Structure formats: structure tokens, C-alpha cells
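For reference, chains read A, B and C in written order, and residue numbers begin at 1 within each chain.
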Amino acid sequence: MTRGILGLVLRACVVLTGVALATFALLWNAPGDPALAIALARYDTVVPADVIDRVRVEAGLDGGFWAAFKGWVGPLMAGDLGRSSVTGRAVWPELAAAGSYTVPLAVAGLGIGLAISVPLAVIATRAPGGWTDRFAVALASLGAAVPAYWLGLLLILLFAVHLGWLPAMGARTRAHVILPALTLGLGVAASLTRIIRSGILEARGQQFLPALRRRGVSDRAIGRDHVVPHAAIPVVTVFGLELAFLLEGTVMVEVIFGRPGLGSFLVAAIAARDFPKVQAVVLLTALVFVVVNLLVDVVYRLIDPRIGERDA
Amino acid sequence: MLRVESVSVRRGRTMTLEDVSLSLEPGRTLAVVGESGAGKSTLIAAVLGFLRPWRGEISWAGAPVRDCAPSLVMQEPRAAFNPTLTLRRSVMEPVAARRPPPLDRMERLCRGLELTHDLLDRRPLEVSIGQAQRLGLLRALIAAPPLVLFDEPLSALDAFTQKRTARLIADLQAEEGFAALIVTHDLGYACAYADDIAVLRSGRIEELTRPKDFIASPRTAYGRKLRDAAVALGAFERAA
Amino acid sequence: MTLSVSGLGAVRSGRTILHPTSLEIASGDRIGLVGASGSGKSTLGHALIDDLRAQGRGVAHVPQSPDEALDPLRSLEFHWNEAELALKAPPDADRRKRLLSALKIAGGDLGKRPWGWSRGMQQRFVIAMALIGSPELIVLDEPTSALDPVIAADTMDLLESHLNGTGTATLLITHDLGLAARRVSRLMVMDEGRVVEAASTQDLLECPRTGAAKSLCAHRSWLAVPC
């Protein structure tokens, strides 16, 4: 078991390295002169060539790709995310601040998604093929088809403009999280509902369940000990994916609702060719993906050790 | 004839077959009897050429077995057919390239296997398991191969159908003259229809003998265990 | 104590797969229910169990294959505890040891999931679980078809010697008359959802009366051997 987990961790490290290299390379080769973009962002005006060259040296971009990459990776190994090429300030505090707006939103979105999808799926599976079931599936399909920006704007119109119950833009108070989280949550609920529903239905069809009933095991015990764990497997997969995707999906929602989170942080950094900032965000996202996948894999192994074995 | 000479097959660090030798003449039946994990399926895969033996040689008439186009009858008949094709297409597949298609032969075999025409127009999941197995036989014999391998051909059938299908296989063999290598865990079937029996255990051949001799006095303790178990399960009946 | 059921029937998609049937099983009976595939044997077995359980009698059912009896995600120990709980039997380590030893699987690791044991051992475990509540009747559905012959024969012998002297009756459901004939004293032949013939083993083998019984008898073994 530990060998398996070690293998997964190793794989995670390889992925992270690849991601770091790939993003650095992409940004490096993006159109235009990075030094020019940095200078523009720093001084807010067109500057003479020698200033640009000075900026280039300061930003560590004068020694070619590998020198620049090494210059970034070196401090990173020691835990230093570097300093912004534009402002000269440390990247981490600003990144953390942006994250403090995004993470609560993502978690709230996921929470709302679960709060909707689990009861909905359970109700739907009570009478498979019946009206509630079809209604639930239709609702889920609708939710999946609706784009986040449309839904977000609609919610703003309804709750903020018409009813005036909830605030729309910005992130001043706690209440500002509600509408964006709802937008995200409804999207998450759409995919989760269908997965949970089919997971439950499949789990109920397992061939040993009639024997358990004949042995006298109560329906409650069967549901709790034999249906739920089996249904959990596909749900865990999707859950993991959703969690990771949410952290980026929030970019769209943040733009609509004017929240200063990782989304706007990243967009501004790319425009300014602020390498350290861009790398930091990308690496963070990749890290989240990798950690979530790792956790999902570990949970799989705990539920059913056969998954991942050669002859499962 | 089929010659398997001192064949050993390796899988990782274990030997799934060790020093296995046997031979089979045209028109005769050899039953390889063993329990799960003994190496029966490995033997079939090796004979058909799906596995390369680590040591030893397998040949038919001095050439690789593949050259004589042997066929295989599998345990789970409905799983052995493509569920999207009609049985007619699946059954004719081994001779699909022949012009003209051997329809007379198919007719004759259908009659011999007690199959009606309407069955051929169905799909695999629309026929009973007994019918599916006979259709599997039809497919195996349509190209008139000199060697036919059987991997637990009767295990999925009920007792009565087993006896009936075994009879059909034997009758067809008498007519067509193919050599039959049957792998099974059913000692009763093996003794009733094979000319020779080989007992396979953990990849090795423990005994190779005639059925009559085997039942009367198995040479090894394991052989005795197999024989006694078969008696206990009602495979044999005391003659008057 | 005699177990009796009446009017057991089953209809699926409008077709009657089991015609109303009544049976009586006395204490210690060894009965075989034989018939071709699709004759309704398993259906009768299931209906019998459900009816007797509804009557509050102690019955146990051993399905054809361990896949149909055990959850691959749960350890064997979990299954055992769950079975004890379901029977409202207090957990008893001695009883567990006794039953597992009776089926020669006491040395196995119960912390493993079912697929960690060989199929033969899994099947024996299922049988041992069936014995927990000292049932009045055990229904064995095709007990040998999923097993290798040596293990199958051993398992049947072990069960028989364990049940010897207890009042537990067994109902052996199988398509193989040869198998049933060696182990039961009474035979019932099923055909197309009906019990068409019922007699003592000896009587049935010597003179079967119905067509179904006759063809089953004629083909019950592969070979007659002089021994």
C-alpha cells in the first residue's frame, strides 16, 4: 500500500515539474518583449530602450530561457516565490490575499453543490424512472447546459436588482459571497446529481444484495454498509475533479461579480508578463490539482484496494 | 499430429507450465484434466500460439500450429460472439473470404448440431446457452480445421445439455476426423469421451493414461483424489 | 419440527414461472430439487426461503457462487459480524471458531476481503455463515457448480458431517441428478415451473415416471464403471 502511495507522490512531483516548465516556456514565448511589458506595467508610460534593458536585467530575463528558469526555480526550492517583476514586492502576500477571496468562494460553491445534489439524487433514486427521477435528471441536465455567466447575471438581476435581497458586486462583506457561490454551486450540483444518482442505482444492482436481505440484514444496514461505499467510488472521482476545477472556474464568476480573487490576479500578471506572479498562480493551481488527485487516489485505495492493481 | 515437447511457459517468476509433453493424432481426443490454476488455459494459449513457450516446442505436422488454422471452442458461448452481429455472420467469419461461401457444409453441420435456420438470424443474446454453444461448435468447424481445442466446453451448460452436447461433439468428430484437445475439470466427461487423459497439476503433467486405466487405478495420490471426488459428485455410476 | 409452505408461486412479466407449489420438510430431511435450467428450481428455492422467513422459521440460503453472497468491498470479518447481528445472535468467538473449523477454513485471515481467499474457501465461508443461527433448513443452490471437483466434494462431505445429528434439513437445488442422488434421500423433479414428480431417491432412480424424470435419470452420469 505504501509503495503505491509513494508512486503516486513521485508521479505528482513529475507533473509539477512539467507544469512549471511548460508555463514558463509559454509565457517566455508569448508575443512581444516581456521586458517591454514589465516596463509598461511598472512605469505606466512608454520608456526609452535603455530603461527597458535595465528592466530586463533586473527581472533576470537577460540570460536566456534556462538562466531565467533556474533563477526562478532556485529560490522556489527554498520556499521563496520571488518578487513581482513589476512592483518588486514579494509575490506570496499578494497571492495569499487574492486566494483569501477565491478559496472561500470555491468551498462555498462546493458546499452548495453538495447540499443540492445529494438530497436531489437520493429523492430521484427512491423511484427510478418515475416522475421525480425524470424531473431531477432534467433539472441536472439543464444546470449543466446553463453557462455560468448567464446564470450569474440572471441571479444578480433577480436577487440584487429586483428583490434587493443580496449584494451584487465586490467582496466587501460576507454576504457578497452568496450569489457567486450560488452560481458556482448550481453548476456543480448539475454534474454531481447525475453521478450520485447513477452511482446509487448501480450500487443497488449489485448481485450479492438479495443474499444479504435473505440473511436478514436490515435495509438500513444494507444501504449504509453496502450501497453507499460502492456508490461513493464514482462520486469521489467527480468530487475531486470538481474541487480542482472550481478554483479556476471561479475566474469567470469573479469577473462577473467583480471579486478581487485569483482570477483577476492572474489576468493582470499575464498582461504585464510578470513571470513570478504568473508562475506562482499556475504552480498553485497545479499543486491543488495534484494534491486533490492524490487524495482521491488514496481514498480509492482505502475503499477498494483492487483499484490500481494490475489484475483488478 | 500435434506434438508438445517439453514445453515450459513462464509468467514473471513463476512457471505456469513446466516440462509438458503430449501428442495427439488426427481423429483422436485428448482430455487435459485439472483444477483452476493448474495451467489448462495456459496450455491452450501456448498450443494456439498466443504465448511463446520459454522452453520446448509445439508443432502440428512439423510446422507451427498456427499454419493448420486450428479453432477454439470456449467456455462461455454467448461471450464468445460479437453481440452486434447476427450469428450467421459470426459463424461464417472463418470462411468469410471464400468464394463461393460453403453453404452446403454449413447446412450439413447445422443438421448435425440440431440447429434450425431461424437461430442463425438471431443475435447471441437471443438464443439459449445450449444453442449458443452449438453455434460456437458450428463456427469452430465451418472451416474444417484438422485440430480443434476446447476450453471447458460444457461447464456453462446444465447436466442434461452437457451430455447431449458431448454426444454431438463426438459424432461430429467421427464424421469430420479432427483431432480434439479438450481441457476440462470434469473427470466424468473426460473419461467418457477421451481416448487419453492427461492430469495437469500446478503446470506439470502428473499422469498420462487411458481413461479406463485411470478410473480403475490412478497412479498418483492426486489422481486418486480427483477420481474419488468425481465419484462423490455422481459423475460415475456403479455398473451392475 | 416440520416446515411447511403452500401456494408458493411466481409470475414474471406476465408469465407464470412457478406454479403454486406446496411442500413439507421434516427435521433432518435431505431433499434434492432437480431440473433443467429454467425449470424454476432457483425460483422455488427463493420463494421457499422468503416464505419460511416470513413465518419466523430459521432458514439459510447458500447461493450458487460466492460473488452472489459477499460484498467485495467488505472484509470477511465484517460479513460474519453482520450476519450475527442480522440473526440477533450475540457475538460468539467460540461458535465462529467451531463453524470455521468444521469447514476447515479456521486458518484463513478474516481481515481480508473476499477476493483475497480462493473461491473454494469463500464458498465454505458462506456455508459457515449460513450455519450461525443453527437453522432448521439450509438451501444450497448449485453448491458445486462454481467449484473445482475435489474442493466441491470435500465441502459437501464436511457440511454433511457437521450436520449429522443436528435436526437441520437440507434442500439441494441442482441441475445434476447424479450429484443429488448421492446425497439426498428424497428427490423432487421440476419441469416448466412445476414439481412433476417426487419420490425417494431409490424409487425415482429405479422407476422414473414422468418424461422429465426419465431423461434426467437416463443422463445422470457420464459412465458406468465397475467398482
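What to note about this one:
One rule holds in what follows: a contact is a pair of C-beta atoms (placed from the backbone, for glycine too) under 8 Å apart; a residue touches a chain by one contact, two chains touch by 3 or more.
Worth saying up front: this structure is predicted, and the values here are computed from it rather than measured.
Using mean Cα coordinates as chain centres, the one most removed from chain C is A.
Chain pair with the most C-beta contact pairs: B-C. Centres computed as Cα averages put chain A at a distance of 53 Å from chain C. If each chain is reduced to the centroid of its CA atoms, chain A and chain B end up 55 Å from each other. Each chain gets one centre point, the mean of its Cα atoms, and the points for chain B and chain C are 31 Å apart. In chain B, no residue touches two or more other chains.
Across the complex, chain C meets chain B through its residues 36-37, 119, 144, 148-154, 156-157, 174-182, 215-216, 219-227. Note for the complex: chain C touches chain A at residues 46, 49-50, 53, 60-61, 63, 67-74, 78, 82-83, 85-87, 113, 115, 129.
Residues 206-208, 210-212, 214-218, 221, 225-226, 229-230, 303-306 of chain A are the ones touching chain C in the complex.
By the touch criterion stated above, chain B contacts chain C in their complex at residues 35-36, 129, 157-161, 163-164, 185-189, 191-192, 215-216, 225-226, 228-230, 232-240.
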